[in-house]
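Each of the next two complexes has chain A plus one other chain: chain B in the first, chain C in the second.
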Partner chain A sequence: MMWTAGIVCVGVGSSPSSVEAFFVRFSGSDTAAELAFKRNLVTVLVSAQIASYPVEVVHPDGGGEITGAGFGRLDICPVGPAIHNDFYGITGSGIPAGAQLVFETLSTTVTVTPDLVRPQWVFVAALPTAVPIGRNFVRLEVGGWVSNSVPVDVSAGPATVIRALYSGAPKSQPYTIALVANAGIETEAGSLVGDPLLTNRAGFHDAVGFCLRSLLTASEDVVRQGEWDREIRFVAIFDATLPSDDANSLVHELTPNVMETRRDRLTTFLSRYGERADIVLVIHASTTHDRASAWFTTDAAQPGTPYSYDGIAHVHGHFASTPGSAALSVNMNRRGLTPLHECGHAISDFNNGRIVDLYVDGTPGAFVVNKKFRAQSADAVPPLLASYDGTNFPSDQQRDGLGYPAGWKSYHPAPIDATRPNVMDNYWLAFDDPQRCRLDLLIHPWVRDRLRAKLMR
Partner chain B sequence: MAETTGIVQQLTIVPGIAMACIWIGPTPTNTELLFVLREPAASAAEGAFANSMVDALTAAAVARREVVAIHGDTSARITALRVGPV
Partner chain C sequence: MEPLHPDLREALKQAHPGLTDQDIDRFEELLARRMTYDPEREAERIQELDRDRAEMVKRLMPRYAQVAQVLAARGAHQDQAAPKVRTQIKPPDP
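On to the complex of A and B.
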């Protein structure tokens, strides 16, 4: 590019030795608006040159004066800055399973295997330090499939405090799942102590990667079916500067070893970072209270999508007044389905349908979608569990192969996979791999309908 | 007012009509088309404000930073903009 006598000359081409000359003319007859947008246009061209981005320029046939310009189109999009040991992601469409990130400089090529691959998103929990600092070109590739190469500037740090891992549907208030590093713990005695997680950023990143894999790659496809996850916003917050005060202590201990979210603190906490979530997964590092738990969502009263359960009218609320939430140990067993299981609770609603654990008998009371009770434990399990939106759903006669204990009165919906425990049951008893467990025939469409209502809001 | 959040996937400037078109979304193919327009009758201050938003969107596009574009509920014209820390 060159500036001379009211004209900016631009060479556009695939290499310095193969360019075509164009120009932007700042004319005395231009309006103030035209001059200002020509200045914007030149800024685009300068930015593209400095960042090694392709550009597209518009000009008359046979003429060299640029009348419009923009960045060239690429088939992938890096998300946010590339920082060693920070989250990193690349979005696109039709990304094949097994895709890897390839970072290239003039002298080095580094291949990074992502923690998650979805058709629209490749996610790395911690960008390896092997990727050279400075200008790289990154692409995705697997087999014969290769994306465009995109320039990125890699830095050593510092890692970000809040990061949009995937920005979700381009609209107001997309359905959002936030993954938060907890700063303080309310003990059983009622005091507030610091959460050691804030000194274990690497552990937080690994846990976030596990949560995303659990939600989006396990055999249970309730979230990802139809690629609905391309409309969901995922955000991570790790703020090592937070004191363990009342506002930042997002979990509390329950005897003997359960950690539970302080659900009424979550919305205010997130708003300080400009976020609003439907589900909040709070990661903590307690070594004494490492058993996970979840709270149901409390939907806002309006608007909502109506549905019927056993002929009674209910509503899937479109927004949460209090998000669903789960407290998850940073050291949770990676063989299990803890994030998916707890999200099963969290996505359901206090007043319009709870999804509860199936590995305990429980007692009748609040409106529960996935459990009913016989009058006596000796009574036969009824053939039908419930009618949902006019369709009858059978009950599980065998309790997904585990068998109902003799004293239990509760019974459940029939499973999708009768050979393995329900995701909401004791999936650790799966004969092969808990990751292969599914939900049941009722909860799957119920959650899908509820998710659809919220995604389409 | 509505807010559209995402990465600036594409940005095109057309000085002849004093407009910038901006595609915002999570992926290159999942975007919302919005625009910044400088009205002929706009004051110098209003015009400079619009053009400064275009500069911010340009910088965000290159850095792959997420932006929040604010526009009317039934309008694609960006009237305000937020660029967060990341």
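On to the complex of A and C.
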């Protein structure tokens, strides 16, 4: 680009040998509106040059004066800044499985295998330090498929405190799952102590990557089916400056080794970062209380989408007054399905239907969607579990591959995969790989309907 | 709540001679039931269950926390899918 008197000259072309010259002319007779428009044209051109973005200019046939300008179309979009050891993501559409990120400079090519690949999103839990600092061009590729190359400026730090990993639906309150690094722990004795997680940022990133894979790539497709996850906002918070005071202590120890969230602290905590979530996954680093637990959501009273269960009217609330939540150890066993299992609880609701653990018998009580009880343990399991929105759903006669223990009165919905434990049962007992466990024929559509009600709000 | 890992169940029984699967199942029942009560509306029920659980641990599984920690420390919770990086230095232009 070059300025001369009242003219801005621009060379546009895909290579030095194909450059064409165009110009924007400022005139004393321009109206205020024309001047503003021309200034904006030049701003677009300068911005494109600085960022190395492709640019398109509009001009009359046979004339070089620019009458319109815009950024060229790119088929991928980086999410947020590229910072060593911070989260990194690229969005697009139709991204094939197995896609890798290729960072290129004049002297180096660095290929990074991401932690997660979805058709709309590629996610890296920690951007490797092997990616050179400074201007890179990044693209996605796998096999013969290659995306556009996009300029990115890579820096060494500092890593961000709050980061939208994926922005979800473009609306004011998209359905949001927050992954939060815990700052303080309320002990069994009631005192508050610091959570060592705040000195283990790498561990937090790793755990976030595992949570996302558990939710979006395990055999159970309840969240990702139909690519509904493109509507979900994922956000991570790691604030190493937080004191372990009452407001920042988001988990509580339960004897002997369980951690629960302090669910009533979550909404206020998130609001300090300008966030509001439907589900909060609190990652902690306790070495003594590492067994995960979850609390159901408490839906806001209004609005909601009605449904019926055994002929009784209920609603899927569109918003949460208290988000569903889970406390997850940074060291959780990566062979398991713990994040997905806990989210199964957390997405359900105290008043509008609870999804409970199937690995214990339990007792009748509040409204539970995925469990019923016989009068006597010797009674046959009824053929039907429930009627949901007018459709009958069968019972699990066998309790998937595990079998109902003698003495149990409870029974469950028929499974999707009868050979492996239900995701809400003891998935550790899967004969091969817990990651291959599925939900059941009732909970899958029930959760999908509940999720849809919230996604469409 | 995260289901009990079968290795922990076995380790608990080894550490507590006389402890039965039924004892552990009863404890698991209490834990799971606790998490179905609304902390804002049913705090007393939760406290009651917590007292029952604490009593069970003290009476039947006093080394529960210790056993769980040993097992957790033994487990290698390494991420299976850490990003893999391949760096290629381009040759200088001739």
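In this section, the second predicted complex is superposed on the first by the 455 of 457 C-alpha atoms of A that agree within 3 Å, B and C clash if a C-alpha of one lies under 4 Å from a C-alpha of the other, contacts with A are read in each partner's own complex, and residues count from 1 in each chain.
The criterion applied here is as follows: contacts are C-beta pairs under 8 Å (C-beta built on N, C-alpha and C of every residue); 3 or more make two chains touch, one makes a residue touch a chain.
The model shown is predicted, which means the values in this text are computed figures rather than measured ones.
With the two structures aligned on chain A, chain B fits next to chain C without clashing. Using the contact criterion defined above for the overlaid structures, shared-chain residue A:210 touches chain C, although it does not reach chain B.
When both complexes are overlaid on chain A, the residue A:353 reaches neither chain B nor chain C. Once the two complexes are overlaid on the shared chain, A:292 sits against chain C while remaining clear of chain B. By the touch criterion stated above, A:168 is placed in contact with chain B alone, chain C being left untouched.
Legend: residue contacts after superposition of the two complexes on their common chain; A:53 is shown touching chain B, with no touch to chain C. Of the two partner chains, chain C is the only one that A:345 touches; chain B does not reach it.
In the superposed model, A:332 lies in contact with chain C only, and not with chain B.
Using the contact criterion defined above for the overlaid structures, shared-chain residue A:256 touches chain C, although it does not reach chain B. The superposed arrangement places chain B and chain C with a least CA-CA distance of 22 Å.
For the contact definition in use here, the chain B contact set and the chain C contact set of chain A share no residue. Of all residues in chain A, only 30-41, 43-44, 47-48, 50-51, 53, 56, 58, 67-71, 73-81, 91-93, 120-121, 152, 160-164, 166-174, 230, 233, 274 touch chain B in the complex they form. The part of chain C that touches chain A in the complex is made up of residues 1-6, 25, 28-29, 31-36, 38-40, 50, 53-54, 57, 61, 64-65, 68-69, 72-73, 75, 77-90. Against chain C, the residues of chain A that register as touching in their complex are 106-115, 124-126, 128, 130, 206, 209-210, 213, 254-258, 260, 263-264, 287-288, 290-295, 298, 322, 331-334, 336, 338, 341-342, 345, 350, 354, 356-357, 359-363, 365-366, 368, 405, 425-429.
Within the complex formed with chain A, the residues of chain B that make contact are 2-7, 9-16, 18-21, 24-32, 38, 40, 42, 44, 47-48, 50-51, 54-55, 58-59, 61-66, 82, 84-86.
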